[in-house]
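Think of it as A, B, C, D, E, F, G and H in the order they're written, each chain with its own count starting at 1.
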Amino acid sequence: MNENQLRELLDAVRTSRMSLDDAVSALKMLPFEDLGYARLDLHRALRNGFPEVVFCLGKQTEQIVEIMTRLARGDDPVLATRASPEVFEAVKRSLPEAEYNKLGRTIVFQRKPLPKRGGKILVISAGTADIPVAEEAAVTADVMGNPVDRLYDVGVAGLHRLLADLERVQSAAVLIVVAGMEGALPSVVGGLVRQPVIAVPTSVGYGASFGGIAALLGMLNSCASGVTVVNIDNGFGAGYAASLMNCLTGK
Amino acid sequence: MNENQLRELLDAVRTSRMSLDDAVSALKMLPFEDLGYARLDLHRALRNGFPEVVFCLGKQTEQIVEIMTRLARGDDPVLATRASPEVFEAVKRSLPEAEYNKLGRTIVFQRKPLPKRGGKILVISAGTADIPVAEEAAVTADVMGNPVDRLYDVGVAGLHRLLADLERVQSAAVLIVVAGMEGALPSVVGGLVRQPVIAVPTSVGYGASFGGIAALLGMLNSCASGVTVVNIDNGFGAGYAASLMNCLTGK
Amino acid sequence: MNENQLRELLDAVRTSRMSLDDAVSALKMLPFEDLGYARLDLHRALRNGFPEVVFCLGKQTEQIVEIMTRLARGDDPVLATRASPEVFEAVKRSLPEAEYNKLGRTIVFQRKPLPKRGGKILVISAGTADIPVAEEAAVTADVMGNPVDRLYDVGVAGLHRLLADLERVQSAAVLIVVAGMEGALPSVVGGLVRQPVIAVPTSVGYGASFGGIAALLGMLNSCASGVTVVNIDNGFGAGYAASLMNCLTGK
Amino acid sequence: MNENQLRELLDAVRTSRMSLDDAVSALKMLPFEDLGYARLDLHRALRNGFPEVVFCLGKQTEQIVEIMTRLARGDDPVLATRASPEVFEAVKRSLPEAEYNKLGRTIVFQRKPLPKRGGKILVISAGTADIPVAEEAAVTADVMGNPVDRLYDVGVAGLHRLLADLERVQSAAVLIVVAGMEGALPSVVGGLVRQPVIAVPTSVGYGASFGGIAALLGMLNSCASGVTVVNIDNGFGAGYAASLMNCLTGK
Amino acid sequence: MNENQLRELLDAVRTSRMSLDDAVSALKMLPFEDLGYARLDLHRALRNGFPEVVFCLGKQTEQIVEIMTRLARGDDPVLATRASPEVFEAVKRSLPEAEYNKLGRTIVFQRKPLPKRGGKILVISAGTADIPVAEEAAVTADVMGNPVDRLYDVGVAGLHRLLADLERVQSAAVLIVVAGMEGALPSVVGGLVRQPVIAVPTSVGYGASFGGIAALLGMLNSCASGVTVVNIDNGFGAGYAASLMNCLTGK
Amino acid sequence: MNENQLRELLDAVRTSRMSLDDAVSALKMLPFEDLGYARLDLHRALRNGFPEVVFCLGKQTEQIVEIMTRLARGDDPVLATRASPEVFEAVKRSLPEAEYNKLGRTIVFQRKPLPKRGGKILVISAGTADIPVAEEAAVTADVMGNPVDRLYDVGVAGLHRLLADLERVQSAAVLIVVAGMEGALPSVVGGLVRQPVIAVPTSVGYGASFGGIAALLGMLNSCASGVTVVNIDNGFGAGYAASLMNCLTGK
Amino acid sequence: MNENQLRELLDAVRTSRMSLDDAVSALKMLPFEDLGYARLDLHRALRNGFPEVVFCLGKQTEQIVEIMTRLARGDDPVLATRASPEVFEAVKRSLPEAEYNKLGRTIVFQRKPLPKRGGKILVISAGTADIPVAEEAAVTADVMGNPVDRLYDVGVAGLHRLLADLERVQSAAVLIVVAGMEGALPSVVGGLVRQPVIAVPTSVGYGASFGGIAALLGMLNSCASGVTVVNIDNGFGAGYAASLMNCLTGK
Amino acid sequence: MNENQLRELLDAVRTSRMSLDDAVSALKMLPFEDLGYARLDLHRALRNGFPEVVFCLGKQTEQIVEIMTRLARGDDPVLATRASPEVFEAVKRSLPEAEYNKLGRTIVFQRKPLPKRGGKILVISAGTADIPVAEEAAVTADVMGNPVDRLYDVGVAGLHRLLADLERVQSAAVLIVVAGMEGALPSVVGGLVRQPVIAVPTSVGYGASFGGIAALLGMLNSCASGVTVVNIDNGFGAGYAASLMNCLTGK
């Protein structure tokens, strides 16, 4: 409910087209649907630019199916993340057109894809084991209407692999850099470009990687200016933020 | 040295205008100046879009003065962060036009400010004690050529203070949200807008705030999509990243 | 054994109705029953206002059944928490009237429920995945004789979902707010009410949530005054504390 | 602005006593005063039951004096915490009636104290070094209109010191238990009473006390049901929460 | 090899009963047996007062069987800790007289028990779930020749359960106090006795117990003087240390 | 108040020599003196074997002087730890015979030293910087009536320095081993003796020593059986515990 | 591409044997092969002295087989670490000559072993449970062409087991010391030798070993000069670094 | 005392040139000098290849002067680290030839420098603020007889600064890489060379650098094989280890 709608409502009160009690109620009537265990934020696309996304961890399969089915009634694409193959099978029974990205563990349902915006989002991963998180980011950015490019396995211990694609790197509008272990890649990439770099630490590693803490701290302390960071393994968040940034292009 | 310059150099070799030895040397000649204790990255503005910034912590006053003086020979603005009043006094003797922001502890030297870009960067702080970090962000964004707006002391325990300025909040191109203690403000702001939100945890707090860890973790775990995070107290990094994002506007 | 009983005992000694040795023994005779592996605190209802609760983690099924059976001989309700379905099946064989809350993993056995006290306890959860902990709190408060209301999935990234029920929120006597991830909801709720708020961090989240540490720290650093905190996932403790607070109502 | 006020406003619009534009503005006019660096929440007493409290850490002395002077224009008591003697001297020049608690580092300004409510709040400290935090809690509870009792230096390694005052302990409406080092006192107290216990960990200790972490963890893991916890050294928060709980008495 | 043996060896050299080469070798001949993957310290009983104990975690079953069989050739009792039922089954096939303590997960093989020393070692546990660790301590102390007494489920939230057995508590020579969660029991016990108290934190708990860290820190910060601490869940270490202390009795 | 005194009291009640009210009061009359900010545990020597010790950190100088003066009225030695030279100067004005150990920061007041017990307590330190903590332990053990020996600067990187004094090491009744950095010395010493070893981690070190955490963890994980641990820098606790253990000698 | 190759390329341009476009491309042509999910660094042996090693964790079995098969086309040995038996079975089907070290979980494929260098690398382990990590180090050093010796189960609690082999210890060129728990062995070894010591902490232990953190911190704080450390359980890294050091021998 | 000396001693016993008692004593006579608070390891040069180094932190100035004076009686160079200017002034009064490195805080006393060995040790630092630690490493390596080269301020965010000196980097025998913040430089350097790389994390940084933890973890998790790590800010340890490695050159 924006200011114009508020004016209209108040005008209706002023001209007695609406009673006081109805106005009070209307001011409280909010754009969500209550399923009991979840309050679906159906107008989120208006407020945040993209519909609510279903984060599957900690939700029961029936809940996920019901939420996705309800969201699928709208026109916008529906995205579910951290979806196991079993969850996908259940969703597919209700939404046969849903598609699954096995590596990135995402489910996408869309009647027709959103039109692509101009700037390219490049997803870079340091190692092969970081690819699942990178794919989650790439799918998220793609379904939100962004052109997406991928550059995988270009860790800093073999710099020439990255430098070989310097042109692709420097021509992206927004970069997502995914790395586990010491998480040094965003610093190196950040030093090579003048576009925003979103760093995604992953839990790839062992011992003193502490489930991604080493990479997270490395990225937060990056000596390259302009690097921002999301949660460990949060490919979705990186893709979403990159899309918001890319939306600025051309405005 | 970009691809065109490389082509010219190779062409000079091909047409024998340049000897082999000179070409080898030229390919190694790099755009920095070696002061012994520091290698000034003079072409950084070309590569990263803004000249090197002087981070004063851990540097000696004479080093800071020499570096700033050297950078000031160029046309670009020069920014120093984490500068004590003593450092500023020393810098001022060499660069009398330098200006000091007492709260944000920044020194700016600029012959003429960069022209402003279209999108507005809004800096929001949760509490009065977070203002120094917010100012560092605001000065950085300003000196890099962005219109900057400020909204201070709007913590989540008194939501109406934030909601009173909802329109300002929703009309910014990029938002920087600075908060200590539990660091909840970026989640609330992130839920209200469709633009990129950069969260800056501060070390404001005591006890279990652990010097900003509580705020940092809160922001990394934000339930609002699209929030990215920088290091604790890193106002500069937030301002720099916001500027890179704002640069996408209108491209 | 309270002061009156002590006086009676001493009076019995004074009037020689009780021997010295018996008095010494009586002073040592304590209101618990020793099962070898456990000392049941049978008079706890007198001392603490509610009988001992059976925390099932780390106890063997036979032990749980024996303890519950023994406690069930009294008049008070018996509550077991963190009970798996298998434990419930075993308990049910001995106490067929026992009831199981699948989400909250609680077993309740009560001949007749305690009469309800006046103030309402409201249990709020930030997300769908926080519901198991919220249910543990709700069941605990309910079995201890409190009217209980529930408000689920009202996280801070969609404030309107919470504000839509502001009246319910502000009319509760005590509020329990359950949240994982960044744990910001108690700060927002605490800023809206003038009643005690008990914050329950949950282990819901991933990466830098560190099993609930992020939410715990967020709640401990809440900028809203009057918020107190219990252990991660400790729905029972929140329900119990809320009941103690609610007992003050009308005194 | 409550529902009644909203109804009145809407009625004024309906009957054309107020223009649309004025109504929109009024709905945005919020009960705070903007000092630039701080937004004073002047209606907080209505919403939260007690006026805003001035937390002095991280604020400049002039800011504190201005904020307190502004708040002192109302009828409610004004409380400042974490105030150094220097801050108090400055405040006293503007508000000569202000009083300072040296141990608890609090400043109180009140034209006349609030009337006392019925239930007693008992503040218990484990050691002599915990007294500053205990005093902050006691002053806060006192200025908010609660009868306050104190019981200091009754740590668990000499249980008889606590048991000697068992009657005082068991007759309080709400208990605040302040302890550093291992923080075990709230568990022992919680096992002796049937009233709410608020545990306050302090940073008293050395080595593996880690600035209060040991006490904090001990209290969060308390085996006594009904114990809730506030931040390390947060005497104010404990006093405030105890007052909210005590407000339930007699309702 | 003690000083007397050294003198004898040197005397043999002096009187030419032993060659130089043999002497050099003898000085290097050390009292262990090399199994390749393990060097059995067969003279440990002489040096440390009790033979080497087999810690089963991380060893393969065949290795455990071979080591125990080899140690069993001597006269001393053989103890294995952290032994699964499967390991016990395998050991039993080679050493049919071996005995298994199911709760404490220990295997004991002894031709005849060591004679008991005078002082009693009392093992106290806070809760039912702490019993496995308490049993490991009790079995260790028992097999090393100490009279052992047990007092279980006497946590600090119900002090009367402990005080009921105060006499038993105060008559022990050495006390082992086992507790998880907040680990407060050793402080309370330590305040009641004048004998050494060994505190054993356990990993019993959840959330902010962090696998025993809360209990460990609580014990390290105990306000009761004379409490020393061993590793989390290290019942064996506590029993062993208690035995060394008890050996001082009567010397 | 022991069992005999209880019997006498009850007998006085039985024979009407004491009224009921007096008996109730007497049962509550406890052996401490209340100074307001401190409750002096005057009978501690009876209960714990040594009078209360004054831990100076966090106490005001006047408080320390008053407490020591009050304790000095008894016959037992009085010990204060963590005492600055300033505190000592103040104490000396009231108790001129008090003695100060500059390295160990202890104050001792004793009319006549306690008679020495038979077993020797050996205090070993790894490095020169660990000596202050070692001295605190040595003074504590000495004032409690134990023969004390010292062996300093025998860290594990130069084993021969320790082995040179093997005989002294092996002839002690109890050993206190003080070490910072990696804290390996207790493991080595523990492997050489059959007496109890108390390990004291110190905050000596830098970087990843984390103020003594590295040494603390090293000692808790010692591969030498029979090692128990006290808090970081807790020389007093080690000396006190060693004394309790040494008391067993000859019983 | 080294300087000579660069000169040749530039000469070809100068003499027009190569076009400008081809030169630009050639400068970008880099020595890796892109498999999509991995960029094989085929010239790594030239640059780093040993071909790329396959770290199996987080890679799919098919990926591992394809990568190893591709690397096996060269002349150099191929090493895979952290390989499960299942992975080995799959690799064996493609490379029947591959060999598996069950304890160290390594796969080695080599047509003919590299010739051995002169200096010996000695791998020492503290306990039996540390052997898997020690074997990973030993296999790595062996396949890289180093003579390797092993000395297992010589923990510091039984020093004589280590001292018995002092000569072997002191004659190695480089030492790798593997230890869990308190990780003290590298300090002791480092004090006995004048060669480089590489310390490898392992996750062997429980409770306060925190998955190897205790050992890691112990080693980083080693009081023996010249000890360097690798990640927890990183036997491969230790073997690799030892080999690089051993390469210096004889240069 | 080596094997030959042992043989001679035994031979003296055999031929009765030495009494038994003298032999026992001689075997215990060890090569250190006991100053009471320190045991100087005078034969360390024989055992470890370099005399004992004086670590000044935690030592009193007089102790440092006495230790250095005593060590200066030998022929070897004497090195003191972490020496304040005040300490140097005191040392200089006793040893006027002593030299001070202000940045690296080292004192060196040497009658004549050790002859230089062949291989070069290159010390690289990421930033200007890391230079003090780098200098400590460089001075240590220099005084131990190694040719030392320095390359400062070549952080990964400006790769060209490092690549400009690739030849110097690749021609060193051993590399020491010093970096704070995210500590990524050793990974990049390690990927470019085939020599051993010693990584030194520094405490340079703020916020989530946590005093060097971020850099430490980054280096421990380096994706470049062959990197080993020392403690935070441990320039001395890196220089010492590098020297031990360089000693292998030419053997």
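Worth a mention:
Here, contacts are C-beta pairs under 8 Å (C-beta built on N, C-alpha and C of every residue); 3 or more make two chains touch, one makes a residue touch a chain.
Since the structure is predicted, the reported quantities are computational estimates derived from the model, not experimental observations.
Common neighbours of chain B and chain G, listed by label, are A, H. Shared contact partners of chain C and chain F comprise D, E. In terms of the distance between Cα centroids, chain E is separated most widely from B.
Residue numbering shows that chain A and chain D use the same positions for more than half of their mutual interface. For chain pairs A-G and C-D, the one joined by more C-beta pairs in contact is C-D. Rotation angle, chain B onto chain E, C-alpha superposition: 180 degrees, expressed as a multiple of 5. Chain E and chain F have Cα centroids lying 25 Å from one another.
Centre to centre, using the average C-alpha position, chain A and chain E are separated by 54 Å. Spacing of chain F relative to chain H, judged by their CA centroids, is 38 angstrom.
Annotation for chain D: residues touching 2 or more other chains are 3, 127, 158, 191-192, 207-209, 213, 216, 220-221, 225, 231-232. Interfaces, counted as pairs of touching chains, are A-B, A-C, A-D, A-G, A-H, B-C, B-D, B-G, B-H, C-D, C-E, C-F, D-E, D-F, E-F, E-G, E-H, F-G, F-H, G-H. Listing the residues of chain H that touch chain E in their complex gives 3, 6-7, 10-11, 13-14, 16, 20, 23-24, 27.
Only residues 3, 47-50, 53, 119, 173-174, 191-196, 198, 216, 220-221, 225-232, 236-238, 240-241, 243-251 of chain A touch chain B when the two sit together in their complex.
Put simply, chain E touches chain C in their complex at residues 127-129, 131, 152-154, 158, 160-161, 163-164, 204, 206-209. Residues 28, 30-32, 36-39, 41, 44, 57-59, 63, 201, 203, 211-213, 216, 231-234 of chain B touch chain H in their complex. In the complex of the two chains, the chain F residues touching chain G come out as 126-127, 155-159, 181-184, 187-188, 190-192, 205, 207-210, 213-215, 217-225.
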